[in-house]
């Protein structure tokens, strides 16, 4: 054995010794529970339900890139491995997290995959589930149950918090209902299908060619005919509002933004993650809905959501 | 400090390192660096196709990689190898984009192929990596001497009766196998870094092939383990440290080689 | 001739911009491709194109546009390569590979930061698959500047580049400054990749540089003719690809094929046709002799 | 093409004709080579040197004639191709290169054995390369590398050693050294050596026989019988002068006979 191979062998042994599987650092009953929301909107819901008894961490703060082309760090792996509860979106939107949770299997940890919670098939085309008014109440209740199982002493508090959260969404639901009755069948244009669940709830119609939305979302080339169709929507003022993904912009989406502005179509910014600081999930959704209403009613643009509006 | 890095990541990283060290040694010796970059990345349409038609991912990636190896080996007899490789690569990336555009729904997962998730390696992945990796390493060790001889001189290999075309195909297939095994863990782009850096330093330090091979493997292992430790300490992704270490090893090799091997002759 | 084109093709603004800017990009890339292949640098081309992903990922972090980040990063990589140029081709490939790997490692870091830090907007990897139909009037100026600079470098340094690719020692004896020529070539290459990346995306830009130039070098040995042929083939590939992408909308009922794929496919088709045609012609001549 | 063994001869070539790509490169070439003989194969570029060697190796199929190898009939050939260029960073010592000559075509890892080592040492000793046996091949000089490659070809104990331009890239003193070395090897071991060259004078002191190729045809025999004005004139088809200038041979075409195949051997 040369000194070199001996050194390598020693290193290997050391690595193996250090690589014992990580178990939850959290012994039941001591200190706050630890939870992770892969996207910060889920982290916000966990925080609202868990209150002071849960310490929450968010991973994706601002995905201004494709989360798939990013490699998670040991810091993230550590957070996931040590968590008592993880909420992820599913539908391939955060499949790196799915992989990592599978790699760090831990029976003591509760994983809430929102796709599975809502019983959605893998072929569901739009992963931006949080824009659906039905999603977060279900998530909040599931989170409450999961936390209650971990920390039975505070179970009642968690369930009450979930009810409070659900009730706090009433203002948003009322705004949606008001829009539905005031502006039925409003035509809208979009870049990606980010807020399409909200558009559907508002009773509005997405006029953008579906192939174009997919091309923008998946970074493939759009067809010139589809680009032209979208341009026509703006030029003919065939849409009342243009929903623009603030966080993932490229040449395609920027050119649409320019076009919409040129033709005086009001623009509303929509987000992949919850804008911070100053927003809660409820405030964010209310602000978005208010911005769409203002756009349709008064033709005002809200390109960037600002808290307190 | 190690908390947060799973045993399966250590094991997967170590297997990929051994594989990359062995295959990379011959990649460097035979000057097949470009092929080692293009073959893994040429699996891009395979990932998209597997999703579109619901095929088994590993089988599709393997099929595409081996097909790529065959095409590059065949084309490089007609035209220069680097050109054949470049054209194959862009055709595959273009085809990947075509297949991607046929997919409905959120399908950006295919880009995961570029960077991989060493920390997301599951036990099932581990079996696959170990299986494919073992096959590739055994094949390399079987073809050790012919690969060495034809790396030294294609003419001398031909005289000794080594079938150059077949050997070339076998070697490119081995590179493709190694790439397929490494994809889920370190991704197409960093598998390549792991093949080039350690091997290029090893051949400068060692005068003999077997110790050179052993050093290449040892350096690759050190790279992966070091990258995991540093990533754990800093919270940055593993791939960053692997890529930078690859360049560092190459530069160190160049400096070590300057003493005795004439660059200009 | 124009009557053969599909209805609405030439009237569409995206098509017009694509034909003009894409055509210009294809010609510049094909011209730069000829000395690039003669210098045996197909791999360098591909590596610089891929390293750009680091620039694309950096751009949102420091608040510049993606193309700027892309050119910045591949220029840095090019300078790194030229800092210590080795003589043998195998050695150059290795060096390229090492720089390439480091560039991608840096890209991994930037992409990680893009997702986990609050920051500006921008699609970090979108630039890797650009689209020719998104070019607009505002792209004409940057395209003209990058292309013009690449062509100027080419015009100034073409002869020393060819001589240096033929025999570096001979070139050195004739007073050619190899370092300067190498740097000029890499600068022209980076600009051409940037320009090509605007049209087909960074990872496919290699096609615009390699395919026409390789076909031209199969068809002729003379540099001047090769340059002209390459430019013609590049233009034909770009325009043919644009037409194919437009028509595919009809073929597959509303689901067009990506323009980048079409352009790459036509370019590689032309390359194969050139190689096969040359082979058949040689065979025919041998038969006649 | 290999016929019955011919014990007395290492190689017998009769009426060998070879066409490459429809062009006749060799026409009815005949010669013999006995064990222990060193034979020079002289001819200008394109006169068929490499084609002749490649057809002896079986890489090119002859269109006519026979090639018979002597001895036990096994094709025990050693070959050194023209200009083996070595990557300076190849992690192989001179010794490893020679070992690859012994079993480089075999599968599996090379297991160290006393016998293997002895044969490699013997081959290295035969070319007097012991001094740099453990040095990296890329760091050796051209002449030293050529010795190692000759050992690489010798280590399998061929009956016939074919070398394509082994002296071409060497300086005059190294060339003379290698030529003398080959002479010694053929004498000591009984191996027949056939080596091609552009230049005749380095070989004159060492070769037993010469094959002079011009226009696809050959004149073969002892040097004194071939390098003569009448023989070469017949071969070329026009008048050729063979001059002896201070012990150096000059092959000069007659004035006005500006034919394609004229060939002036370079005087160093």
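Chains: A, B, C and D, in written order; residue numbering restarts at 1 for each.
Heads up, the rule we're going with is that a residue touches a chain if its C-beta (ideal position, glycine included) is under 8 Å from a C-beta of that chain, and two chains touch if they have at least 3 such contacts.
Keep in mind that this is a model prediction, so the values were computed, not measured.
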item	value
Neighbouring chains common to chain A and chain B, by label	C
Innermost chain, taking as reference the mean of every protein Cα atom displayed	B
Centroid-based (C-alpha) most distant chain relative to chain D	A
Between C-D and B-D, the pair with more C-beta contacts	B-D
Whole-Å gap separating chain A and chain D, where each centre is the average of the chain's CA atoms	75
Interchain centroid distance [CA atoms averaged], chain B/chain D, Å	41
Interchain centroid distance [CA atoms averaged], chain C/chain D, Å	48
Averaged-CA centre spacing for the pair chain C and chain B, given as whole angstrom	25
Overlap residues in chain C, where contacts from two or more other chains coincide	53, 90-91, 108, 111-112, 125, 129, 255-256, 258, 260-261
Touching two or more other chains - residue numbers and ranges from chain A	66-67, 69-73, 76, 215, 219-221
Interface hub residues of chain D, defined as touching at least two other chains	87-89
All pairs of touching chains, each written as two labels joined by a dash	A-B, A-C, B-C, B-D, C-D
Residues of chain D touching chain C in the complex	21-22, 87-89
Residues of chain B touching chain D in the complex	29, 31, 141-146, 148-149, 151-153, 155-162, 202-204, 206-210, 212, 257, 260-263, 265
Chain A partner contacts - residues on chain B that touch it in the complex	1-10, 14, 97, 100-101, 103-112, 114-122, 187, 211, 214-215, 218, 221-222, 225, 228, 231-232, 235-239
Footprint of chain B on chain D - complex, ascending	57, 59, 79, 81-82, 84-93, 96-97, 100-101, 103-110, 134-139, 149, 152-153
Touching residues (chain side chain C, partner chain A) in the complex	12-15, 18, 53, 57, 60, 66, 108, 111-112, 114-134, 136, 245-246, 248-249, 254-256, 258-261
